[in-house]
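Read through the structures below before going on.
Below are two complexes that have subunit A in common, paired first with subunit B and then with subunit C.
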Partner chain A sequence: MHDANANRAAQTFAPLTASAVLVNPVGLHARPSVKLTQCAKGFAAKIEIALAADGPWTDAKSPVKVMRVKAPQGATLHFRISGPDGEAALAAMLALVHDGFGEA
Partner chain B sequence: MGEIHLIGHPASPGLAVGPVAVLTHAAPRGAAKGDPVQEAAALKAAIEKAAAELAELIATVHGEAAEILEFQVAMLGDDALAEGAYEAVTAGAAADEAWRAALDAEIAGYRAAEEEYFRARAADLVDIRDRVLAGLNGADATARISGDSVVMGDDISPSTFLAVDWARGGAIALAAGSPSSHVAMLARARGAPMVVGLGPLPWNGQPSLALVDGDAGTVIFDPKPETRRLFEHRMAAANAAQIAADASRLKPALTANGRRIAVLLNVAAPEDLTGLDPAICDGIGLVRTEFLFEGSRGLPGEDAQYAVYRRMLDWAAGRPVTIRTLDAGGDKPIAGLTIDGERNPFLGLRGIRLSLARPEVFRVQLRALCRAAVHGTLKVMLPMIAVPSELEHANVMLDAEFAALKAEGIACARPPLGIMVEVPAAALCAENFGAAFYSIGSNDLTQYTMAAARDIGAVADLNDAGHPAVLALIARTVEAGCKRGVEVSLCGDAAADTRLTNALLATGLTTLSVSPIAVARLKAAVAAVTT
Partner chain C sequence: MSSLRPGNVGIVIVSHSPKIAEGAADMVRQMVGDAVPLAWTGGDVDGGLGTNVAGILEAIETAWSPAGVAILVDLGGAETNSEMAVEMLPEDRRGRVLVCNAPVVEGAVIAATESSGGSPLAAVKRSAEEFYA
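For the complex of A and B:
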C-alpha cells in the first residue's frame, strides 16, 4: 500500500537526494535498521537508500532489504526520497543518521 | 522424590546446574503437502504465529535481549523475507521446504558479510527460520529453551542447539547421542557441558533441577541440598582454575621440559573467530568449509568463497591458515551434491572422493583458494585421502586452476597441498604420499580403526582415540613426516582431550589444533607434560 502511494507520488514530486555519514559504532546494523525502517514507514513518500550516489537503491521501509545493504560504520548513506511529505521525511532520516540512531 | 543419579558418557567438559527443560520431539509435518494455496496459507499462518510468539516473549525480557527480539519481529513482519518462499510455494514446493530454502539463502548472505557484526546476525536468522519451521511442523518453538537450562531429551539437533544462547551457563543431558556427534563438537566449541548415553531419562514426574558433570559424564536430577552445595563448591573451584588458565592463553605452549608445542585453532564457521585475539594461537589448523555449502539454494560461488577465505587469512595476520576442501558425505549430506541413500555413507563417496567425482564444484573452490592465497599464509588440505593418486589428481587440478587464473591476470598464488590422515591406509603408507604436510583427523581415524561409528552411542566406548592401535597409526604418520621433512599436526577432538595430551606428545607430535574454547585448557595440559 505504501508502495502504491509512493509510486503515484513519485510521478508528481521531483526526488530529493541527500547523504550522511554513518557515525554509530557498527554501521546500519540490526537496531538502527529497525529504527530507520520504522521512521521511514511513518511517511507516505517513497524512501530509498544506497551506498553510492548512483545506487543501487534499496527500499528504506523494508528491514530485510536494509540489512542486506550491510552498510558499515563510516559509509556514506545516500537518500532518494519522493512524495508529498518528502522534505519532512528527508529531514527525519538525516537527523536519525546524524544522531547515530541514538547510540553514538 | 529422591535425587536420581544417571551415568552416561562425557561429551563436552564442564559443570553446570540449572532448571530442566525437556526437549519436545520434533513432530513430523502433521498434514500432508497441500496445493499451493494451502501451502501459502500454512506458511503465512506460521510466520504470523512466530511473530506473535516473539511479541509475547519481548514482554518478558528487557535490554539487549528485547532489542534482538524486536529485530526478529521486524524481519518477520517484512514481506521481503518470505518473498522467495512464496514464489517456490507457487511453483509447487512444500511450505516448510520453501521457507527453509529462502531463509538459508538469506543466512548465507549474512555469513558472507565483510563486517563481523553482520556475520553474527546469521544466528538471528537461524532463530527466525527454526521458529517458523516449528510452527509449520505443529511443534512448539524450540527457541523457548532458555540458555541457562539443562536441556534433557533423547537427542538434540544442531539447529536446536544453535538456537540457544549457551553463554548463559546451560548444559545438555541426552538419553542417546554420541560424544562424537556434530552437536557434541558444537557443545565443546561453545563451552556447554554435555553428557550423552544416559539411557532412559526420568520422564515420570519431570525433574525440576539437574546437575551436569560433563567431565565425569554424570547427571543428578533433583539433588538433595547437600549434594547441590558440594557440586556448586566444585563449580567455583573449576571456575577459579579456568580463570588461571585463561591468563596463560596468550603465552606460547611449552611442556615442563621446554618443548614448544604449536597450538592451532579449528574453525567450523566464521562466527567462531568473533572477538578472538589471534595471539592466543599459532595459526588456524582446520577451517571446515562445509558451512559455505549449507544453504539449500545452490552451491556457493567463487567470489563468496574467496571473501570468506580472505577474511580468515586477514584475521590470522600472517599466521598459517589451513583450509580443508569440502568434506561432504558421511554424516554431512549436502543437498544436490552428496549421494542420497548410500548403504554405508561413511564408506562411500565422501570427502576428496566426492570432490574428484564432481570436478565442476571442486574447481570453483580451488580457484577461490588460489585467489585468497595472496592474502596470507594459506595451506590447503584434502579430506578422506586413501591412496596417492587422489592427491596427485587434486594437484593437477590445482595447477590447472592456478595457471588459468594467472592467464586471466587475476591475483593468485598456489597454496601447498597437504592431506588429512584419517583413513588407516593413508596412515600406514603415509610416506608414499607427496603431501606438503599431514594433518591427522583423529575422529575418522579412530572410527575407521576401531570399526565403531562415531554417532552410535552403544559403541561409544570402542570409539577411543587413545587406543594403542590409533596411537600407533598417529606415531607412524609422525615418523613419515619426519622422514620426508614435512609438518604433521593433529586436528581431531583427541587434540582437545587433555587426558590424551601426554600420549599424543609422546608420539612426537608438536602441533595440535583445537576449537578456540579449548586453547587455554590444552596449554595448561601441555605445561604439565614432562616427556
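For the complex of A and C:
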C-alpha cells in the first residue's frame, strides 16, 4: 500500500528534464541569475539547473547558488523540474533562456 | 526611493558613503525591479563619510513593510548605528527588522531578489548571508 502510494506520487511529479543553450553575451551573470531565480520562485515545483545532464544540480530558486554556477555564453543549461506545475515552469524557464533573459 | 508592495520584505542600504548606498540601491532597482520597498542612507549629519541613526530610522520608515525590513550595512558604525536604530523603533516593529551579516552591494541585490519572490524576512536574511557561507 505504502509502495503503491509512493509510486503514484513519483509518477505525478516525475522529473521533467530539458536543456537550452545560453545565447546572451555574458552568460548567466548577475542580472540573468536574478531573472532566472525570480521566474523559478513563481512556481511551486522544485527547479534545478546544471551545466551537464548528470549534474551537479543547483537550486534555481537560490540567487547566490545560481550565480556560483557561472555559466558562460554558449553553455548548455540543463533543467530538472518536478512538481504539480512542472510543465509550466519548464516552459517558462526555457523561454527565458531562449529569449536571452531579455538581453539578446 | 520607495515603492508600494506591502507584502514583500523591505530593504534598507546603509553605507558610510551616500554614493555607495545610492549606487547599490540603483543596482537593486535595475536588477530586481520595483516589487520591493527600498531605501538607502549614507553619510554623517555634516555630509561627510559616516552613518547616522536618524537617517537610518528614516530609511527604515521609507522601506517599511508589514513583512519586515532587512538592513544591509558596510562597516563598523553602519552596523552599530543600525542596531541602535532598531532598538529605537516602536516595540511592535523592533522584532521585524534584521541587520544582515552580508556584503552591502551583493547582499542588497540578493536580499531584494529573495524578497521579490515573496519570501519571509528570515529567508531574505539567510539568502543574503549565503555570500559568506
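Heads up, the rule we're going with is that the second predicted complex is superposed on the first by the 92 of 104 C-alpha atoms of A that agree within 3 Å, B and C clash if a C-alpha of one lies under 4 Å from a C-alpha of the other, contacts with A are read in each partner's own complex, and residues count from 1 in each chain.
Here is the rule we use: a contact is a pair of C-beta atoms (placed from the backbone, for glycine too) under 8 Å apart; a residue touches a chain by one contact, two chains touch by 3 or more.
Source: prediction; values computed, not measured.
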item	value
First, second, both or neither for A:V34, with subunit B first and subunit C second	both
Which superposed partner A:H98 touches (first subunit B, second subunit C, both, neither)	neither
Which of subunit B and subunit C A:K65 touches, first, second, both or neither	both
Subunit B versus subunit C as contact partner of A:V26, first or second or both or neither	first
Greater residue coverage of subunit A in the superposed arrangement, subunit B or subunit C	B
Which superposed partner A:G42 touches (first subunit B, second subunit C, both, neither)	second
On subunit A, the residue positions that both subunit B and subunit C contact, one per complex	30-31, 34, 37-38, 62-65
Touch list for subunit C against partner subunit A, complex	30-32, 109-110, 113-114, 116-119, 127, 130-131
Subunit A contact footprint on subunit B (complex, rising order)	67-68, 70-71, 74-75, 77-81, 106, 109-110, 113-115, 117-118, 121, 124
Contacting residues of subunit A [partner subunit B, same complex]	26-27, 29-31, 33-34, 37-38, 59, 62-65, 67-68, 70, 72
Parts of subunit A lying in touch with subunit C, wherever the complex brings them together	30-31, 34, 37-38, 41-42, 61-65
